[in-house]
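Questions regarding the structure given below will be posed in turn.
Going in written order, the chains are labelled A, B, C and D, and every chain counts its residues from 1.
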Amino acid sequence: MRELELYFGPQHLGMVGNFSITLKVEGDQILEAHANPGWLHRGFEKLMEYRTWIQNFPLVCRINVIEPDSMEMVYAMAVEKLAKIEVPERANYIRAIVLELSRLASHLFGCWAYANMLGFDTVAQWAMYHRDLILDLFEQLTGARVYHIYICPGGVRRDLPEGFKEKALNTLHTIGGCIPDYDATFFNNRLFYERAKGIGKITREEAKELGVTGQILRATGINFDIRKVEPYAVYDKVDFEIPTREDGDAYSRVWIIRDEMIQSVHTIMQCLEKIPEGEVYKRVPNPFKWNIPKGETYVRVESSRGELGLYMVSNGKDKPYRVHFRTPSYPHGLLVLEKLLKNASIADVGNIMISLYVTAPEIDR
Amino acid sequence: MKEKSKVNGKPSLLGPFKAIKYLFKKPVTLRYPFELKEPSLRCRGFHLNDWDKCTGCGNCADICPNEAVTMVEIPEIEAKPGEKNERPQIDYGRCCFCGLCVDICPPGSLRLSRDYFHIHFKTSTFNLLAKDEKIDKEHFLPADKYSVFKASLAHRKKDNEGFSSELKYSLFEPKRVSMPQVKPEERKLSFVEQVLGYSKEEAKQEASRCLECKLCEDACPAHLKISDYVRAIYEDKPDESLRKIFEDNPIPAICGRICMAHCEDACSLGKRGEPVAVRWLKRYASDMIEDYKKTLRLKPAKSIDKKVAVIGAGPGGLSVAYFLRLKGYTVTVFDSLPGGGGMMRIGPPPYRLPIESIDKDVSHIASLGVKFRFNTTVGKDILFEDIYKNYDAIHLGIGMTVSHSTRVKNSEKAYLALQFLQENKIGKKVKVGKEIIVIGGGNVAIDVAREALRLQHIQYPEEKVITKTVSLEDWDIMPATKEEIEDAKAEGIQFNPGWGPKEIKIEDSKVKGLLCIKVKSVFDEQRRFRPTFYEEKEMFLKGDMVIEAIGQGPNFSFIPKELFKKLEFTPRRKIKVTEFGQTSIPKVFAGGDIVNLNLDAITAIADAKRAAEGIDLYLKGN
Amino acid sequence: MIIKVISIIVLPLIALIIGFFFLGLSRKVIARIHRRYGPPISQPLIDVIKLINQESISHGKLFDMGVILSLAGSVILVLFIPFGGIAPLATSGDLLVIIYLMLLAPLGVALSGGEAANPNVSIGISRKMMLALGYEVPFLFSLLAVMTWYKTTSLVEVVKAQQSFLWAIFYLPLPAVAYFMILPAMLGIRPFDIVSAPQEIASGTAVEYGGRYLALTTIQHAFHIFIDIALFVNLFLGGGNLLTFFVKMLVVFLLGLFINAVFPRLRIDQAIKYCWKWPAILALVGLIIARII
Amino acid sequence: MNKLKKELKSSFKGIRTGILEDNRLAVSAPKDAVLPILSFLKNKGYEHLSLISCVDWIEEKELELVYVITSYLQKNDEYADNERLHILLKTRISRENPEFKTLVPIFKNAEPYERELHELFGINFEGNKRLTPLLLERAYKIPPFRKDFNTREYVKEKFDKISFVEEKKNERA
């Protein structure tokens, strides 16, 4: 058969975000794949050098649409480290709630993307509905549905609204109640099993070598989660498990996503139970005169896709000197994806890409 | 649920058909626009702005990360101290609805509503001058008249407030760094300075609160560059700060203690919280620098062969001398007191303004080459005619030096405020009674009362002593500052507001007390001072000493008759001057209390700066 | 004769209406399973009317011809399939004609797709051909089983025979099941929507169609749905009068929709493997049984 | 932490180590020592390269390369020291002639990071075979993430020349 060059993206129904892969195909077989990011490069890191500390705060969440809260968290953490700000305990609990809710929303979004990629609209729509319920919670809490701009340096911007706990528990029960449906229709679907089993397989050694993190690493059997390793917020005070699998293929990754959703529901419930009374915001100095002391730091959190880090340098002025986000999709979307796509079928491009949770805006920043 | 998470399910072909059950369940989606979802109470939609509260400070425009907010001048609004005639306009092509503008808004006027629809073909309609239903009745509709099909920036719901400003989460600090002070029980026993002054850390922290909206600079009569010198303090550069102050104000040590602080009244932070302690910060800047001359290295310009006489070494006189000296003129200052400061030297009691602070400022001005002739009363030691003849220009900054008397029966037995204060501060201490009555409700009255209390404690240790005040004005219109009243109360001074003096009771030519009558009203319809009384309601206050502190007037007796005739006055008995302080006698300039209705030091300094300009122009032949 | 002429004109119209009704219904039913309300049933018709009025881009004569060819093939095919006893062009060997005419539609698509020269289209065409290769085998086996059982190559005869006694599905359950199993593949719905897979090859063959061309393909698709289901009803469910025939079609279509709703898409190799495995074996066994008995 | 610090100090000359807050170890090393230190650390179990970043210290006319190395080590492993470290390994290279050796033979995932730095800071990583364009569309005179590249000026220069469509219409009218 003839060798064809196929452009998968940036405008493609199977592409989540503006990302492009150039494929060399022969029939349905892929000979070579080149990831081609840059369609969404907005130069955030450079832009942040032009803005004051507080003005960067509404900006960072925009790096990633799917899970903006971990971006806010990592920025807030870095600033707090540099300026040596102590965050009130209640704020830490609220942060954990927000982060877990957004992990849940992000995983549901992942379910949507995965199901959608396989043409499985039914589950996709359900996942979107349940994600919307979480967005409703976010709207109550922060006033916005997607870009929350909520976790600020010094704590969080507002306390939990009245009746939030009841509403959150209600939503979590609704979602938890639908897990059997998801299991029956999606995770335990025979045809889904056929499609995902053994696809995009990566071994433990390869994963280590390629700098893989998140559930892709955990799918190869390495129990590595920053929430456990370097606890931030209140992850050292709540009880949750890190699900792992051994196979390292798309199927086990999806199952890890499912298990993590259940763990997230647990964690949120625990946080809502344990949350202490008190302040939620430690006032940072006046934003017009806020100079962070000289220094540098690297902080990281476990986002829904893996290690999200932020290297930040301050030279004691009112603006950051250098920020560099270490986004989880960066190694996943460039190295791992190229490796896994080799010799795969065209039908599996989206399959593999989504199972790696590749998020284009993160790669480009 | 937890146990399940470890279990890998068994893939099945029939299981998925479970999903069919949803065919018979009610769908969960909404049929927009017939079914609507109410936005949450914190929804961040379009802006609302309460124009009555908004001060036009422009902090929203400064913090906006996207430069979406611009301040637009509104001609209908009148600019006044503490309020600009500008209001924010938001460009929704840029706005990201982060709500930082809400959190920084000092008066809390800017809020976000729950409206978020706007569809229009013209991009110009995306600019909105944020208002709320109070002002804009046309575009805000009640629920029954509102239709979601027309929803836009010009068709909005009433009472639809969303994300609003809360002081708890504001980005600015509403609380002032508390000033360390001597406790009332301690300070009333002696004349130690009450306010201790900020430490470096405290000053920096307090300075960090300033949002630099510059409302204060407009409100300050002398237009000091307040935000600049506060920033310099924040950046730990007191010398830089002092240099900024000296551009407009040569007596920071005095002003930093007794200034009426119009800036703090205008401060936007004061709308909901406490204003930035601008006065204390100025004091901090002047206290930090031991020697102004060494730090500032100010040098007069090349000498000009013109002589200027300044009569009165009060704040105005000192300032005019300073500004003229810097311009190169030869300046001589005449004052009847033994040192500089004028009214500042005798008026404010030492616990508020120690003599050393005055001398610090005065000696710096003297070190620049200004000649001082103290203990020289014009009209007695030197004749005004001689000055008029020998000098090229004269500045009158004589202030209000004569205390008014109530002129009630036996009022000659009472002490006058200025006399009392002067004797205590730079002369022999007055022998006070055990039960003192002070008449008046102004700052001078309170100074007198507090000083009297201290003297009582010094002269009658371990004895029961009482100081009371009587004032025409009730609490709400009492002219003294709140702070002063609070301090006085804390020290145990009793207040009797709303009573007017009628007669000082005398027995055996000794004061026995004051007979008062109830005040009906203080001002008439034109807001002029014209008190009326309920003659039948009387009250007798016991006391063995009465001090009158009801106001002062100027003393022009040193000016010869033929010159005085030429001086023109305004209807309110102030000297009429041009904008450069020139009186109707071309050679004579005036400023301060004798020109202004505002009787305070900073106004005098503002006048002095203008007068110095005027004198300069006049002497250069314009 | 007049009746024949009228039915030649009316039957395709009825087929079109039913096809569009099914298209609309599928969106509604699937939406309900998605927990949505879904668009009105007339939505596909509205879409087609809108598409017809849109500007269309052609890639050459063959491109146009291919679309018309596939549509024309479908229209003619409709005339061969008895609908409630009406079959204007029915002849003695119409089952054989049907087998050949069924190939016209994919051929037309391939023709126009080849002119478009989009790699996605060529992959789509190759997938379509491979899939057709996959489902044609069990399809032929089950047709043969029916033909052997009733000893005729006329569809009208088959229907008549069933109406006089039991439906063919009771005599030939295995070929019927086999046919039903490949029905999704013939209809191009999940788990066999490999040809149009939007997330993989950007709708494959349809990627270059716009405006009128897309409208014509949609119309062709509506015919196609009608043909495949009507054939099943005729072959195994005993045809019927206008009403019962329609009800039977509806039941078969809904069953197909449920499968569509709950399964993800298969890969092409898996699909062919599937087609050649279970349905083919079932149909073959059915054929052998029919032959022996 | 201290054990590792000591071992590092004894094995390599000319390095400075400092402990940042918590469990962060900052190491500044001369240019030549960087790759040996990295392979040394990899052998000790620090086998996860989190990030390669670069800071443009324009006043000192130097570029600072920062390698963030962490580990997958479990708590009780030898070098984990009951705490998992981040190691920030820093080195300075000249700004005029930014050349450095590639890390790809030691850490495979260094490749995209080096590509990015090549593109945004103009650093040439000797030995990296794939320094092809990654994020950017066109070439710039100054690598865009350097401090002397002014985005606002660039935008002005680039786009202010292009007039608006509406304006043209008005001209004709």
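As a convention for this text, a residue touches a chain if its C-beta (ideal position, glycine included) is under 8 Å from a C-beta of that chain, and two chains touch if they have at least 3 such contacts.
Being a predicted model, the structure only gives us computed values, none of them experimental.
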- Query: When A-B is set beside B-C, which has more C-beta pairs in contact?
  - Reply: A-B
- Note on the structure: The chain whose mean C-alpha position lies nearest the overall protein Cα centroid is chain A
- What is the distance, in whole Å, between the centres of chain B and chain D, each centre taken as the mean of its C-alpha atoms? 53
- For chain B and chain C, what's the span in angstrom between their mean Cα positions? 86
- Distance in whole angstrom between the CA centres of chain C and chain D is 59
- Query: By residue number and range, which residues of chain B touch two or more other chains?
  - Reply: 16, 19, 28-29
- What positions in chain C touch 2 or more of the other chains? 33-36, 261-263
- Message: Counting only residues that touch at least two other chains, what does the list for chain A look like?
- Response: 122, 129, 185, 189, 191-192, 194
- Pairs of chains found to touch, sorted by chain label: A-B, A-C, A-D, B-C
- Contact set on chain C toward chain B in their complex: 29, 31-37, 258, 261-263
- Message: For the complex, give me every residue of chain B touching chain C.
- Response: 16-17, 19-20, 22-23, 25, 27-29, 31
- What does chain B use to touch chain A in their complex? 1-2, 4-6, 8-13, 15-16, 18-19, 28-29, 39-44, 59, 62-63, 65, 96-100, 103-104, 112, 162-163, 166, 168-173, 208-212, 231, 234
- Message: Could you list, by residue number, the parts of chain A that touch chain B in their complex?
- Response: 51, 54-59, 122, 129, 136, 139-144, 147, 149, 157-158, 161, 176, 179, 181, 183-194, 241, 243, 255, 259, 262-263, 265-266, 281, 283-289
- Query: Hey, which residues of chain C end up touching chain A in the complex?
  - Reply: 30, 33-36, 119-120, 122-123, 126-127, 190-191, 193-194, 197-203, 261-270
